[in-house]
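Two complexes follow with subunit A in common, the first pairing it with subunit B and the second with subunit C.
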Partner chain A sequence: MIRKLLLWLLFLLLLGGCQDRIELEQQSYVITIGIDATDQKGIYALTYQFANPEVGYSASSSADEPPSEIVTVNGSDLLSATYFANSIVSKQITLDHTRVIVVSEEVARSDNFLRIIQSASRTPEIRRKVEIIVSKEKASDFITNNKPLMETRPHKYYQSMLSRAIQTGIIPKATIHQFFQITEGDADLFLGIYATTDQSDNKDDEMEEDQYIAGEIPQKGGPPTQFMGAAVFKEGKMIDILDGEETRIAQILNTTLDMDSFITTIPDPLMPEYNITYHYSQTEEPAIDIQYNKDKPTIIDVKVKFKAEIVAIPSLIDYTQKADDRRTLENAIVKRVKKKTEDLIEKSQKVYRSDPFYWSLFIRKHFKDIPSYEEADWQNNIYPNANINVEYEIDKLEFGKMINDTNLNEVRD
Partner chain B sequence: MQNRGYLRVREIVAMILIIVGIKLSDSTPALLTQNVQNALWLVPMISCVCIFPSFLLMLYLLKKYKDKNLVQLLEEILGTVIGKIIGFIIFLFAFLSIALDSRNYVEQIKILYYPEGPSGLIFLVLFGVVFFGAKKGFEVIGFSSFIALPFIKVSAFFIVFLVLGNLLVQRIFPIFGSGLSDILIEGAAKASIFAELFFILIAYVSTRETDIFYKGSILAAIISLFEIVIFYFIYITVFDYNSVEKIAFPFHDITQFVSFGKFFSNIETIFMVFWLIAAFLKFMILIYLATWIFGAVFNIEDFEPLLLPFTFLIATLGTLPFNSIINELQFRNYLLNAMTPFLILLPVLLWLVALLRGGLRK
Partner chain C sequence: MRQFKKSKDQEKKIKINKSLSKNIDEMKETFSYGLNKDFCMRTLEVKFSEYNACLFYYGSIVDGERINTHIIKPLLEQTGDKLSNIVTIENLEEVTDLEKAIQNVNSGKAILFIDNDEIAYAMDVAKFEYRAVSKAENESVIKGPQDAFTESLNANISLIRKQLHNHQLVNEAVQVGERSVNEVNILYIKDMVKDDLLSNLRERLENISIDSIRNIEVLEQHLEERPYSLIPTILYTERPDKATAFLEDGYIILLMNTSSACLIVPVTFWSFYHSPEDRYLRFLYGNFSRAIRLLCFYLTTMISATYVAIANFHSEMIPPDLLLAITASRERIPFPLVFEVLIMEIAFELIREAGVRIPNPLGPTIGIVGALILGQAAVEANIISPIIVIVAALSGLSSFGIPDLSMNFTVRILRFIFILAAASFGMLGLIGALILFFMYVVSIRSYGVPFFSPVAPNFKSSKDTVFRKVLKKEYFRPGFLDLKDSTKRNK
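On to the complex of A and B.
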């Protein structure tokens, strides 16, 4: 009898597994973490945006509650401040569902950025999929001002906002995982997402469509948040901003970033006062061929095949039927995208002295072991001095579902 | 002894796949990559080339001297006293590797899933379950391994499938990692990552026909090598060399990283369940084998009552190291390096002695 009782008591030990049990109700889920500098060295103002789980499903009775709660506290790393924040927030703070980390440009440009972001990789709570957003203003302002109208729940907002903007290529995919791989690889540049809620005063309506960075896009109506362009990080420190178009080109050339397709415009080659709109999509990854020379500059040949689908020809020129004009158009498209690419490459070689294309991957096979690869020094030696040839080739040129546009002369007869 | 010779090829294969194959998911890759960087995936192959001939030689000897297990074979060839001493050394190796692994696994469970629970309690629960499992006898463990194996492997395959999109194959270059000589040395020194193959030889006579054991163990060794290489390849191509050496538990980092579509994002707990079953089985099998070796050395026919004190000792030893990083990078490193020459040379020595004594002419 006593033996049996003891056996039953033994099962109580298994209850030890319940030590970490925590009800959903007792947790606050952080969706966004903001990082700002303070006057004190090593202390940061950390902003946490908590999702309100009661908003967003139809049975909810508390329709008046805001979709999220925002709290800013000071702390030395992402995790320790969550305990401190508990003096304000009623529940245990959980970082498992964090979607984005917003860093103010001030912190990103400082030497200490790597120190603060490092704590994100040590804790198992923050996933490697979390995206890094650099905000022009203070991160706490960004999070507070970011009030989406349609998609009010923050986790949905960031999910759809980022995935759509990434598809169109105006911002790069920028997870913590990539940040650490590239920064620790110490060869290439990392591109972070650039965004702001702070509308700039010097808005230039004259600019071409994609040559904006966040905050400069002329806008009427809608929420104040703009995602556009990329923050360039070298060795874990932000050094510059790429505009939307450069970000796109960087993604075209980077085989590790997926961009679907985008619509862009070029001046009509025959009537430059009008623009032609086309849909750029890439059928295959660019072919990158590196010919490594130990003593001479390395030669990098890049071949990009793409598909262009003409969407609009406001000049009403009959490009579909006339072979010569069509060729002119083809050449104009290729020449323009090539020119943009060469400008970006030149900028990266001369100004950044490293590449945002992750091309160091392709030179690795020329080395037998890592010591010789590191000695050859992609970042400081090979890339800045390389001769880079970029070739674009239109694989297919489509004209949509119309054969001809309206003939203006006949209409205005 | 609850052993009636009912085991078949599939149970032997299942057990070996679990105790060797689980090396892909603990911190063995973190240990190996410290010296070889991105040539991590080549190391198991080199290790296997180093240790596999010895293993085959051992199987050949066991086949020649029919119906003997590992320790009986040692005694037959080397004489009772030396045979027992060497058998005891093998027991110590098995015992220590379980003890060090135990800490490692407890830390994985604790850091990733039970941050609040004390290590001691996790030890107690883990080894409580392991003890009850091991107590059921070798055949029950074999059957359980066989039943659990498909689930464990399917979940592992599922991880491979989900992570495929994040591989950057170019990261395996420069192909020789930190240098050809480094990886050859490391591969040879860590050949004992396959040490479990030798421990399980104590169960040589547990199958109905020993031929079954022979086939099963070779098949399982090859499959588990294959699995380990695939996973090490994934670690390198997902994390790159500078990062993988900083990650203590790459398997769990990957399960946290992958998501199943946009909606199912934090899915690591699914994999944790199957991994945990594999871990339970691994310890059951190994503790049982270690006790068996001990029993054989000291002529204890009915060794199963020893399981309780041994389980207790292992859990106690496991709690001793100051933290899991010292445990892995120092103690386990020493142990693996020490086991390798022993395991490679022992079969050769046995074979030579057997040859000189004429034992092979039967």
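On to the complex of A and C.
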């Protein structure tokens, strides 16, 4: 009797557990989700890009298959449409491995964006580290046109493309986690990744480096997709686009985003027709000190320490040997980056009336409780009226591995 | 040596008769003289008393040369006042009852009956055949003594006494078996080992009521408390140096004349986990090999099960590149993943079992069949995916890292339980099974010693558990043995 019971129990356990078991090959893995508007209100065109596991797998014989399959269906939210899409896709659709959510600029700028993206926070299938990309064109067009030549498998493409571009600072790290954090905190601006496959006609070759947004970068060859700049979201709605340089500055000042380092140029202070190239890298987080005044403008002191490594001096001026010139160079670098920063801060205070730097984190300690913080109103009151002083300081100025440059006179004798 | 007589023997005690011819008849009858070809009898007239005498022995288990020169020759030629001054054999025992005399003949002694004497004399001339001391093959080490026990009690004890020069090392004999009475030898250090433990062991040995216990391997199963348990509670080793190390720590060793190994009681998990080489290698090297062994324990029990759990229930945990690679490799496989894993694990067990049984000249075939057919051909035939081969090979290979055969079986069986647990409830099931297993193991006791001591429960010890300390910093003998002298070295 007891043996029978035990046997029963064993089978009960074995069979009871198996109900949510699913084999790997019975699932289709979504890498990219695209969100577009339709004519109907509340209904969106959702595009799913599935990875084809057999591409890139050495023992596989189906080399002719495309690396991914793209399907667009209509639905009211991200998850319900996956069941609808099963009328086209043969396997169970799994969102666990989604890398990015692409939103068309049209949807992002509409009031309804928050409604559709909301379901992403509710379902456990979508990770909080999925990144939000705003595309200039329709999201379905972006996904379809995005045909990388080398990393053809989509998950690999987004993994390497985003991580490198974020390291260099031309796009921000824009996870949906941070999106919800900032949007629900209702104080700061969220920066989304801005990208496009739609090359603009008014390409301006004369612009300085980094002052582009995606689609305007002059390009020959390569895939059509460009990642550059940031989409500015205020209260869950897109309001503007920052160019690459502004995005970088926003990331320098934002302690929650980590940008690695970048290489940029400034006009040579002694011979302005040449540029000097330097490698900017930050040794420590910027020090942000907020002095909160209830009745008069709040004072925000920001101090950024950075390291500059001079990479190229085409003017061949001997900065390394002359202390005065070196000081001039240092001042020029600091002055320039400070100017750019002040411009961005002014823009955010006057135009956006909120900050993309997540500085509200630093003022929260001045309040006793949440209601009093909310009453003080960072977004509408404190930040737009604050006096902000930004100080840059070169911690270390390096000149690469060579001290002296080529002496032009000696070469051309 | 202390002899323990069984109460049964005392009941049917027949005294030795004064008349030689009656004794001869009795002996002839008992040993089926004439039918029993190797039972020998030699009558002679002893010179010193001029009585007739008769010598009985088994021709096959005694040394004929010794009987000749040390017993027969002196008896025929020498004169003297008593027997012990005439025969030149080193071990002479006086026997008064027939039962005892018969037992002595069975264990390779020559029995001498003298007319008009109520005492028979048992003389040790046994010469059992045994293998020479050879290299330890199942528990080999690179650095350390290479000799192994052999199927001879005297040789084995000599191997131990060679390492442990201590007059407190006692070799006590207990007889077990009813039809074939065999001797079990208990070795221990008298001024160290706890009396309770010793009397517990003696009691268990005496309570074994069975026809015969041929060797130590059978004895092991008669001594253990839980014959159905997955966990071994007695350690079996063929290495004299390992046995001596345990003796020095206050454990008890059991030896028999018929086995090329010994038993060690009581045990803890660590006895199965350690290899003698850990102590022969330098501190860092020894601990490195312990770390690898710990990994082996983990891999061999858990890797297949973890793979099943993650692939079937938690695909979101696998990095996309690996996920897609596994998915692609499984596209054309007709079986569920659990089944695939089980096929490979069972195949590996097959190779292993066959490898042990296969006659030596056919040995290389196993390698070819195993590696080629199961590894490559099965993958090409789309029966299993290549990743499974890696998983099964890892878990199979790791199982060889476990130094003890019993523990090896434990772990190998456990692996299947874990795979089933993982297949039914994923990580939840796997961790559940692991926790239940640990709860069970912790509850096990071997001769009163908790299986995971000195870690849980905590005891004073030399802290030689997962890793060991520098030898100079080992101060105590294991506290869970409750020894009379528990200090190895004073601080």
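We adopt the following convention: the second predicted complex is superposed on the first by the 402 of 413 C-alpha atoms of A that agree within 3 Å, B and C clash if a C-alpha of one lies under 4 Å from a C-alpha of the other, contacts with A are read in each partner's own complex, and residues count from 1 in each chain.
Note that contacts are C-beta pairs under 8 Å (C-beta built on N, C-alpha and C of every residue); 3 or more make two chains touch, one makes a residue touch a chain.
Please read all numbers here as calculations on a predicted model, not as lab measurements.
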Looking at the overlay, what does A:K156 touch: subunit B (first), subunit C (second), both, or neither? second
Would you sort A:N145 into first (subunit B), second (subunit C), both or neither based on which partner it touches? neither
Check whether A:T94 is in contact with subunit B, with subunit C, with both or with neither, and answer first, second, both or neither. second
Quick one: is A:Q27 in contact with subunit B, with subunit C, with both, or with neither? Answer first, second, both or neither. second
Looking at the overlay, does A:R364 come into contact with subunit B only (first), subunit C only (second), both, or neither? first
After lining up the shared chain so the two structures overlap, which partner does A:G16 touch, if you call subunit B first and subunit C second: first, second, both or neither? both
Between subunit B (first) and subunit C (second), which, if any, makes contact with A:P53: first, second, both or neither? second
Give one of first, second, both or neither to describe whether A:Q181 is in contact with subunit B, with subunit C, with both, or with none. first
Shared contact residues on subunit A - subunit B and subunit C: 13-14, 16-17, 20, 96-97, 127, 159
Touching residues (chain side subunit A, partner subunit C) in the complex: 13-18, 20-25, 27, 29, 31, 51, 53-54, 56-57, 59-60, 94, 96-97, 99, 125, 127, 153, 155-156, 159
Touching subunit A in the complex, subunit C uses residues 311-313, 315-316, 320-321, 323-331, 333, 336-337, 386, 420, 423-426, 429
Residue numbers on subunit A that touch subunit B, as the complex places them: 10, 13-14, 16-17, 19-20, 96-97, 124, 127-129, 159, 163, 177, 180-181, 184-186, 256, 361-362, 364-365, 367-373
Would you pull the subunit B residues touching subunit A in the complex into a rising list? 37-38, 111-118, 121-122, 124-125, 128, 166, 168, 170-171, 173-180, 182, 239-243, 246, 252-253, 256-257, 259, 262, 265-266
